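Letters A, B, C, D and E mark the chains in the order given here, with residues in each chain numbered from 1 onward.
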Amino acid sequence: KPIKLGAVLPLGDITGRQAANAMKLAVKEINAAGGVLGRPLELIIVDDEMNPSKGAAAIDKLATIDKVDFFIGGMSSGVHLAQIPILKKYQKITVWIGAASHLCEKALAGADWYFHLHPWDYQQGAGYAIGWKQILEKYPQVKFDRVFLAYEEGAFGTASYKAYLAMLEQAKQGEGPYVGLVKEFKGESFKSAAFGGGDYRAVLRLAKEWNPDAFIWAGYDADALPMMAQAKEIGFAPPIFIGAPPGWPADFGKSPLSEGVVLYGMWAPSLNKVSPVAEHFYNAYVKEFGEEPATYFAPLGYTNVYFLVEGIKKAGTLEKEALIKALEQVEYESPLGETLKIAPSAVIKHQGFTTQKILQWQNGKQEVIWPFEVQTAEFIYPFPKWEGR
Amino acid sequence: MLEIRNLNVYYGKLHVIWDLSMTVGDEGVGLFGPNGAGKTTLINTILGLVTPKGGQIFFEGRRIDGLDTHKIVREGIAVVPQERELFPFMSVKENLELGAAFVPHAQSRMNELFNFVYEIFPVLKRRESQLAGTMSGGEQRMLTIGRALMANPRLLILDEPSVGLQPSIVAELFHKLKLIRQNGVSILLTEQNVRQGLKAIDRGYILENGRIALEGTSEELAANEHVKKSYLGL
Amino acid sequence: MKNEPPILTVEKLIKRFGGLVAVDNLSFTVQQGEVLGVIGPNGAGKTTLTNVVSGLYRPSEGRIFFQGKDVTELDAHQRCRLGISRTFQLMRPIREFTILENVMVSALFGKGLDLKSAQNRAREVCEFVGLKRLKIPIESATVLELKKMEIARALASGPQLVFLDEVMAGLNVDETNEMIETVKKINASGVTVIVIEHVMNVIKELTHRVIVLDRGRIIAEGSYEEVSHQPEVISAYLGEEE
Amino acid sequence: MAETKTHGRHQFTLPLLAIVALILIFIFKPYAVIYGVQRGSLYALIAMPLALTLGIVGILNLAHGDFLTLGAYIAYWIFNSTGLDPLLSIFAVAPLLFVVGAGLYKITVSKVLRAPLLNQLLLTFGIAMILEEVINLIWTSRPRNVYVNYASASASIGGFRFGTYEFSYLLAAVGVLVLLRLFLKHTRLGKAAFAVGQNPKGAKIVGINVEMIYLLIFSISVGIVGIAAGLTLPRMSIFPLFGSPFTLKSFCLAAMAGLGNLTGILWSGLALGIGEALVQSIEGYSGWSDIVFFGVLIAVITIRSYRGSYV
Amino acid sequence: MKKLGMLIILAVVALGFLFPLYAGPYPLHVMTTVLTYMALGLSWDMMLRTGQLSFGTAGFFGLGSYAALLTTLYLGLNPLASIFVGGVFAAIVAFALGYAILRLREIYFAITTLALAGVFTVVARNLHDFTGGPEGKILPSAIFNGDPTKVYWLTFSVALGSILVSELFQRTRIRFAITAIRNDEITAKSSGIDIFKYLLFVFVITSAIQGVVGGAYAQQYGFVSPESAFSTNFLLLPIAMCLAGGIYSTLGPVIGSVILGVLSEYLKLRFPYGHLIIYGVIIVAIVLFMPHGILGMLKKIAQKTRTEVGGNENEK
């Protein structure tokens, strides 16, 4: 009898599709190695179509029709909010790789069967602070006093804006990671190309006039290259140019405008240089599917399965209490270049990753700048001028 | 010129034209009959707007049933439809122009045709730039007739052209039709005003319940008792 | 008849369309119970007059009184409910309805009946005008049936005054005669009728009094016999022949 | 007479007011005008063909924006396989889309025209869905870009520094408008199209090949979208849903201009573009820019309906 | 014959009502969604019957969502009562706006309703403190603590209510008024119909339904955000379902929503990748081969069999 994993992912989206692929890869590897507890794994994937009610129904389907043992998967926070009441109904062990919104976290308070691997939105902000502080130490010429945030006006961008505001407010009180880091902060919204916008010039002009040390934009992958092109158009080249979309477009690296752009992410192919697990994952994925893993949801999906399996192995049973205990103890060396360990977050008991990495586009590739343990390239500073690009 | 052989037309299950055969030579032909007899249906069938179930239609020796309406019209048949079918948001002039624009042998004679139409219906000239949709009922009728004349047809089909026209214009219209007739244009005319209609034609058919009930020259028809009673009100 | 107050009074009515004056300072009255003929050349303003009085158009100037009440500011549906109804020269049936349902609409809303009584009334009215096929869809109705339906609809709202705008155009002799009888019956039932026609027989047969319009103005008024011999009317409208 | 007079007055006052407003905006927010004109022309460029099909064929084409997506992906594909400059690829994309339009018309649209109205709504909804999903299956949801350096070029005049590329939208919009107007007003075919839009049966009766006109107009519309596709590719990211917001915007513009008024679409596009850009440039309120778009739209439509209410 | 029809209807309603007793949570969940779209579709169709193509469905749905959720959140209103408030709020807004926009026709009306929905979205997104901004607001718990059976019954009642209203529209004088208005407003006016009054009436009623559906949806998940509440899904899918089922009727939207709703779910499971393509193809096929919708085709088949049966009887 197989152990059944029920995954819910948006298969129409590249993130969901590649996460699903990576999960299949992991299951295949594990089954080839004899499964867990002598039983094979069976993976059942249901498309949530990025639609809350479809995503919620998918949980019901997996629980009652397929009778899965565990829920895995996840991408959009909006979908997840609709799933949470259903998940609570079944109380099965759930390991989730998406849904970064703190609203989800709030809704999950007290759910000890729930494991969240993706950092929450506020954790990401805090993580960057740690990273930048260390970078400032290592590269003393770098300045990070005046920060401008351009954020897309939807839930994603606004959440990160509010997170910054909250943390900077905290910092004023002398608490939190941002103490001593950012002295002045300013934010302005724009309409993302993903929703029919795509004109950033007003925001960029505002930023240019304000003259920040670092300019961050929080939008979607569709905004990436037009943002650079328009910054070039108005002649805006801040010393640090940071992009914080959830993914990057296919051709970003090919454009000369990408050189020197800093980004936040959990993973980059360049990790292959420093992490054998990452390298193994990367090669296996390319071999299996004939395409590159393009988003960090691919290694996350892979991690999702392995983490759970490690736990089962450790517990030696599928029994819930024991397994939860075991999962709390798992230390899985993930293809994301760091070891996954569970710890409590602000609200929930079982949080996995808490930081994103700071990377930089160099010669068309994402290189890891921070954490320094997995650094793959030196930090280019300041952001190169536009002339000649 | 126009020959119809054994035509049968249905609307769904309703049999409207029954095995009808008729001809229009180089002459004016009238088509009379009570409401619902099938006159409009017959005309629409000739024009290819309604598809017959059986039978053939020839125009100048060429078979035209099954052709698209615009092809039939370009062959040289123009029509004054009962329901007007004007272009309401175009001016009177544009409506007239369109009457000629797509018919090969009318395009080149546009000016001449304009003068001809304006002469018959001076009001159209005065209202050249008024939108067709805002014209009065009778004015629209004139415009429809004018538009058909603009096509410089070899066969002119008129479906109750006098409806809604003032008496003096009706008289003049039939008079003009006669002149047009004499210029070598064949005419197929349906009319409830049979008395006036007979003046403009050489020969006529009485259509009742989708069948030809009577056929004859205009004199013969005028003298027929049935016609006298039901159509002339004598 | 002459002593009663007029059912309709039109005072200095003007209707302009841009630069075109379709109804030009028109004043007249219609007596309760009469059959008034309105004739005149194409484009004289007859239909426009109907539209203005029935409330489809706002007049540019002037007032309209119905049974002594100023109705100039009322909407078309209100005037219908008060008792002014009309037919359409270019017929406007409700295409998705059968003949009967078309007539029912005005019984329902013009007269304010409930469904059941409206249906009964519609049947009665249809029978009255001589409609036989009540449940056929509009597309299979003949012109005669549509014309009758227009009249039936105008009657079903229980009007005091009806405009019949060229309801006999396009009918043959028999049909016209039948229709004339119908209109006479309508009038006999106490409804005031305004007939607009280009068929002079009808005018001659039906009307007590005729108004001749030309370019929105009255050029002649009187019995049909009187006006039909006036030279202005002959030259503007009838032509030499008749 | 009187009508033409009042009409004439309106025709002068409105543009005059607009020009005054424009000058004021230009003085206070010069960039809003530049950006607004650029974006607005793009809106107009894409809306014009939609209005054309809506007015003449009578189709509310929900797949309109998805043709833009399709065109952009074709241009992208051409760029990647041949290296052809996206602007040059317009000469391939526009005719190709014309053919796509013709094919779709023949296979599907022509069949719905005789069916009850609104069926075209469902049809184009289905087509939109198929287009989006097929593109998603082939190219995934990951955005694609083409980089050419001229797309981010800029010019400076007296201290103003502004992007030059997006003026190509204005050029294209004006060009398409002029050509369409010439076509509609001064060619036989164009007049036929007008006539068909008003009364297809009447058009048949005067000898117009109605089917052919529909086919032509529908295909031309899709073809014009191909021009927009080639123009936007160097400047924007493309992804399966890239074009769909433009469908709604185009409907809005068509309605704001009034059916059958192509020139009005350009004006509406510019007005909305500038309005949007203006709000975007106000610090702290950029999130409200959509409300300007919708607000102006609603205001124009309702005010017009009041003016034209009584005959 | 009529009695048999009544019995069948009652049986279907009973079957629908008792659905939770014999179906598992998953079918239940799918049906709950279907019922949501059914009610929205019906309300859209009711407006369409006046001849007015409304694109405001998602807008009033969203208003209802917000009204319901926020009243529960801030005023502690009972969730059921808050759903009602959602309907009332949508109705009030529709009433006020109706005066301005109900003189518009055709595409102008359609686009204006669409634009209004856009305005609602922008307002909801920008009133950060009150509405939660783009991220939205979340309730501590979903209605009935997320009990799927009760949620189903709630949605079922809303859908049933919409069906009843729709039937009311079909069986009373309202049908005559709105059909007349749709066909020819000039005839309608001249027959004594107060067009504006009826348009306003229908607009308010249908908006109220949309508001109630929105409220129920928001309470079902205990969450509201601009993206979810004003999603074009709630505009386009109901329209597609109505058109596929058959417009100007009660049965059409009902059939359409059930068939398309279940179909899309089935296709998704059957073809994880590219199922929406097949769905799109099916929709196109419906348009091409069933010009009068599924209902129209069923009627045609029924007519055929009936005449055949009738013929047999005659032979006997």
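Throughout what follows, a contact is a pair of C-beta atoms (placed from the backbone, for glycine too) under 8 Å apart; a residue touches a chain by one contact, two chains touch by 3 or more.
Bear in mind the structure is a predicted one, so any value in this text is a computation, not a measurement.
The set of chains touching subunit B and also touching subunit E is given as C, D.
Summarising the inter-chain layout, the chain whose CA centre lies farthest from the centre of subunit D is C.
The most distant chain from subunit E, with centres taken as the mean of CA atoms, is B. Separation between the centroids of subunit A and subunit B, computed from CA atoms only, is 76 Å. Each chain gets a centre from the mean of its Cα atoms; for subunit B and subunit D, those two points are 43 Å apart.
Remark: subunit A and subunit D have CA centroids separated by 37 Å (rounded to whole angstrom). Under the contact definition stated at the top, not a single residue of subunit B touches 2 or more other chains.
Annotation for subunit E: residues touching 2 or more other chains are 125, 273, 276. Multi-chain contact residues of subunit A, defined as those touching 2 or more other chains: 12, 17, 153.
By the touch criterion given at the top, residues 47, 49, 68-70, 73-74, 79, 81, 85-90, 94, 97-99, 101-103, 147, 151 of subunit B touch subunit D in their complex.
Every residue of subunit A that touches subunit E in the complex is listed here, in rising order: 11-12, 17, 45-47, 49, 51-54, 56-57, 60-61, 63-65, 78, 81-82, 85-86, 88-89, 101, 103, 106-107, 153-155, 157-159, 162.
For subunit E in complex with subunit C, the residues that touch the partner chain are 172-173, 176-177, 179-180, 182-184, 186-195.
Remark: subunit A residues 12-14, 17, 153, 188-191, 193-196, 198-199, 201-203, 205-206, 221-226, 228-230, 232-235, 247, 249-252, 254-257, 294, 389 touch subunit D in the complex.
Those residues of subunit D that touch subunit B in the complex are listed here as 188, 191-192, 194-195, 198-199, 201-211, 260.
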